[in-house]
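Presented below are the structures under discussion, each in the form of structure tokens.
Two complexes are shown next, each including subunit A; its partner changes from subunit B in the first to subunit C in the second.
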Partner chain A sequence: MSYRGECFVVSPSTVDTNAIRNRLSVASIGRYGPIVGLVGLYVAFTLLNEQFLTVQNQLNVLQQVSIVGIMAIGVTFPILCAEIDLSIAQVLEVVGVTIATIAVGARFFEGQSVPVALAVLVGLGLGAAFGAVSGYVTARFGVPSFMTTLAMLFLADGLGLIVSGNRPIIGLPSSLTAVGGATVFGLPSLVLVFLSLLILSQVILSYTKFGLYIYAIGGDRQSAERMGINVMAVRLGTLVISAVFAGIAGLVTLGRLGSAVPTMGAGLLLPPIAAVILGGANLFGGSGNMIGTLVGVLILGVLQNGLNLIGVGPSGQLVAQGIVLMLAVLANVVGQN
Partner chain B sequence: MADAEQDDEDYVVEMEGIEKRFGEVVALEDVTLRLRRNEVLAIAGDNGAGKSTLIKCLAGAHRPDAGVIRIDGETVDIDSPRKAKRLGIETTFQDLAVAGNLTVTQNVFLGREEVQGPNTLLGVLDKGAMRERAGELLDDLKINVDVDEKVANLSGGERQLVSISRTLLSDPEIVIMDEPTSALSVEGADRVLELIDRMQDQGISIVLISHNLDHVRRAADRVHVLHQGRSAGVLDGEGVDRDDIVTRMVAGMPESGYGERAANV
Partner chain C sequence: MSRDLRRRQFIRSGTIAGAAVLAGCTGGGSDGGGNGSSGGNNASESGNGDDSSASNGSSANESGGSSSNSESPPTVALSIPSLEFTFFARMQEVFEQAKNQGTIASDSSFYDAGDSQSTQISNVETAISNDVAFLMISAITAEGVVNAINEANQNDIPVIAIDRNVAEGETVTYIASDNVQLGQRSTELCLNFMQESADMDTYSVVQLSGTPGASVTNERGQGFRNVVSNNSNLEALASQTGEFTTQDALSTMEDFITQYGDEIDGVFCQNDLMALGARQALQSSNMSVPITGIDGTRAWVELFADNQYYGTLAQLPEEMVTTAIERGKAYLAGEEVEDVIPIDGLEVTQENAADYIDQYFG
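Then we have the complex of A and B:
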């Protein structure tokens, strides 16, 4: 029973309404905070530097964020499902050097070069295998993905060094470097790959059973299980996707660098995860989306690019990123509770 | 009061001589439960009386060690929850099985989504159809919640209503409800009891487990009392004496007047 109109009875229903209203306003911090933050950065850097808001510089930003962005999209899947993938940077490396080594026929695969398309398939298949192993052990035996993907981190790292002989691989076929290094309709192909994967991933999340189940499991795994969802397949699937996307990031990195370097994943583990959280995804799963991840990726990228333009060096940029991340996770947790 | 059980009734469920043991512990011994078509039958009993074990035998979660279960007069072997669902038996549980971060529609359909094209994990959700059907289902039951609202924003009672309407999606003949009101406020419990009435109006036969004797007396046509794994009589719900239920819950089937058996136990 609820009282409507000018009645000021303190009944349980009015208390409920107030509680919901308060929560909504706090929740809106979590929801709109990231986009407000990004717009704020744009306004600030536009005022501080006239080169910031030019087409050329904005294309630079997009190009700079694309690799981290592809990885961030991939790792959004496990994060929404209340899992984590710590192996993405090393999977990027091992897939990148494997594709390069097989395509060139060097080192571990000396004299056995294969067509570029096949090399790419083998590389991405290897990435999927890493995700499948950690995903299977996590979903089947209940080992936290934190641990299984940590194991994959070491495994992928070592395998990358073995395959490449711990030296760069140069002289890549131009069809291979084109994936991440060409220009299409005036846009870097790298950026196009990033944006296409972003749209594809959002479609999967919004319109498929798999996407819905990711949210259901991320929100409450036991409920989801009891309601008849194939929890194991979905958890495994998110870690496979994350690893494949890390592999794709490795592929486009070959074009960006023009060669394969065994350490090319260095420093690339945490920015993608930070971007997902910056974008407002719940730290503990169940809410978030790819638009949020895009916003998070751009916050990191714009911050770096803008600070660069106004003359703040790499050390100052790290300090700024730390502050922004702290504010974001604070808003995230306060907003969710 | 005479036991309200006659043999010429139209029974939708008959469980006869049900026995269930867990190792040395006898959970159910020679229990016979009959559910009439379109009635609300409550099962009352103290903790450990065997209420849950009995309905789990019907819901396919347990298999009885002895006894016969008939649905619509036909002997059946309910060896899994899936089989129970196939036989038209749905169950709602005490701890709400709902996903708070999803909408009402998503909760109603979760695990049974309607998809366009092949029904795989990558099947494309038919959101419009599901939303419409959820709206119709809730309207029919006079459940006044927004189908697009996140379940976390609903009250406990509303959540239970959503959880119950989940079971009605498959048009079941029999619904088992395990303590549907125990976690709810007075208002929430009221709405659930009203829903039970409406489900009965729609022709569903209901087995209701509840600790709350007021709820039992309000919703049930008959009350089946269990005591230490045995039947302690079936009472007519209407005008049933609260003390009569309590006595049987505490002391079991009266043999010669109330209380004597209690002295013997």
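Then we have the complex of A and C:
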């Protein structure tokens, strides 16, 4: 293992220096364009609507972005590593309905209800398995993760329908819905889950070798390989993490909705990925961080919430979203140069 | 580096292509109901139909179209998109009943296309070669079956469209729910609830609408607006999309509560899945106001036991098939048949919720 230690020391000269600089740039968040965009949105909506900047509404915003946020944190890992995970929305769905059906003992698992903790473990294990399969095929055989996770998208979608019988599941045990639906010290538990995962993930990226390797591989995979980094394990790892996070998102969705709906992943693929890119990450790997992802998630959430509050109709919202996303991404690029 | 460059180019082009594909997928998914009145809405429930007699259409039958004008019941065919949806499974059940009761000949065929356009076309062709007396079809897409319908026309087989119309070709009639009317009646039900629960001069209602641009959304929204403009004591406080999903409806409802709070006297949802989300949001804020939906989704109806001010307008696939068989036979007998036959929804409230579930889901 000693050579890995060496690699850590020599990395600044061999790894794409860009990657290292971006890794350390957490300290200088102020430079980020997206932050400016987010602050701008806050100022605008505060002026336009008196309800916007109330504690209750800000808690609502946090609650509304948490599910997309958890998925976005998860998918940040593969994106930093120059991979992509397209299966997150369907993994959320299949894990959510699996946990619900096992815990209730309905549909596919008729009459076989098990303790909630076990149901959660089975569900998250299933999520990890999806990530492991796509990750293994990608890392071992060099199939682009775009294709392997697309395959997982269909697989997970189908399994979700089979498990749930394509019908909503109601009457979930309260211990299960508490994970995403309870209130702890005045904060929704959903938000706490989101923020703890965010901190955990930033720590992984900033203070572990695994985190460093992700940036190194995302920046330049060949160089990383020559330095002796176990590229296969890291690529596989990022896809497993992303799938598990999507599974956790599925778990907390149960609490948020109070039921399991087989369509609960609908429309949840692009927002997390958009949030990551919006937060300053490079879609093609090597740069970005979790704080950026948080900012990206908040931009999307605040925009939707604010437009709802001032009563802009669906078509107007889409137009406004298009304009703001374009400006935010532009600010991001200009800010980085 | 060049290899790296190529890799990135591949990923880039792949991402663009994929985004397009996925946008297509999700779009298709959400407005699957756009075509007719079921899809997106009934997608939430499915698959309790048994396939036992899904296709016995290959058996030869001489008693087909030729003898249909005699007293013996006609041999007919019913083709549906997919038994995955409860909506169509319920159609199958009533079709089997009609066979057992002798309303239609016992060698009539039921075809499940498994959501495959080409399968549905083959199914129609099989029905044509069996020379059925008339063909009932709920098309997967209005355009996809056009050739098969033309073929049926050439063979002088009358076609009846159910739930989803066909784009071209001759049809005897089109039988479906009237979404404008469903929206109207559900809003009126909501107004009745509000009047029962509180005595006020004006009542403020919010609307959770479906996927923007889908025809179901437009029609149900039209019904809502009709009621608002016809009742001086009803005011539309706000209207926003909930994308026909529980989750979006939940977020949107939270924002409504933040903005309007106690001003909200009632919620009209364009489908029952969104009603589930609206209820969840109201509960979290310790509010309780009347909520009405459309479709008759079981998970929503089951909640009526706890609250007398919840309601929905159920769509009735059974009645669509029964009407189709009845009108088809009338057409064969030489009667005039209307071009469009709307099927009224069934109003479900706490009073008849248990009966409704027993009758249609029992």
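We adopt the following convention: the second predicted complex is superposed on the first by the 295 of 337 C-alpha atoms of A that agree within 3 Å, B and C clash if a C-alpha of one lies under 4 Å from a C-alpha of the other, contacts with A are read in each partner's own complex, and residues count from 1 in each chain.
Assume contacts are C-beta pairs under 8 Å (C-beta built on N, C-alpha and C of every residue); 3 or more make two chains touch, one makes a residue touch a chain.
Because the structure is a prediction, the values reported are computed rather than measured.
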Subunit B and subunit C placed together on subunit A: clash or fit? fit
Let me test your reading of the model: by the given contact rule, A:220 touches which partner, first (subunit B), second (subunit C), both or neither?
both
Counting residues of subunit A touched by each of subunit B and subunit C, the higher count belongs to C
Query = A:246 contacts which: subunit B (first), subunit C (second), both, neither?
reply = neither
In the overlaid three-chain picture, which partner chain does A:82 touch, first (subunit B) or second (subunit C), both, or neither? second
Review point. Which partner does A:207 reach: the first (subunit B), the second (subunit C), both, or neither?
Key: first
With chain A overlaid, the minimum CA to CA distance between subunit B and subunit C in angstrom is 10
Both subunit B and subunit C touch subunit A at residues 220
Seen from subunit C, its contact residues with subunit A in the complex are 3-4, 7-8, 10-12, 14-15, 18-19, 22-23, 26, 29-30, 43-48, 84-86, 209, 212, 238-241, 243, 245-248, 250-252, 254-256, 258-259, 273, 276-277, 280, 283, 297-299, 302-303
Per the touch rule above, subunit A residues touching subunit B in the complex are 1, 12, 16, 20, 204, 207-210, 212-213, 215-216, 218-220, 223-224, 226-230, 233-234, 237, 286-287
In their shared complex, subunit C is touched by residues of subunit A numbered 49, 51, 54, 56-57, 60, 63-64, 67, 82, 84, 86, 144, 146-147, 150, 153, 161, 165-170, 220-222, 253, 256-259, 261-264, 266-267, 269-270, 283-284, 304-305, 308-309, 311, 313-315, 318
As the complex stands, subunit B meets subunit A at residues 93, 97-102, 106, 110-113, 115, 120-125, 127, 153, 155, 166, 185, 187
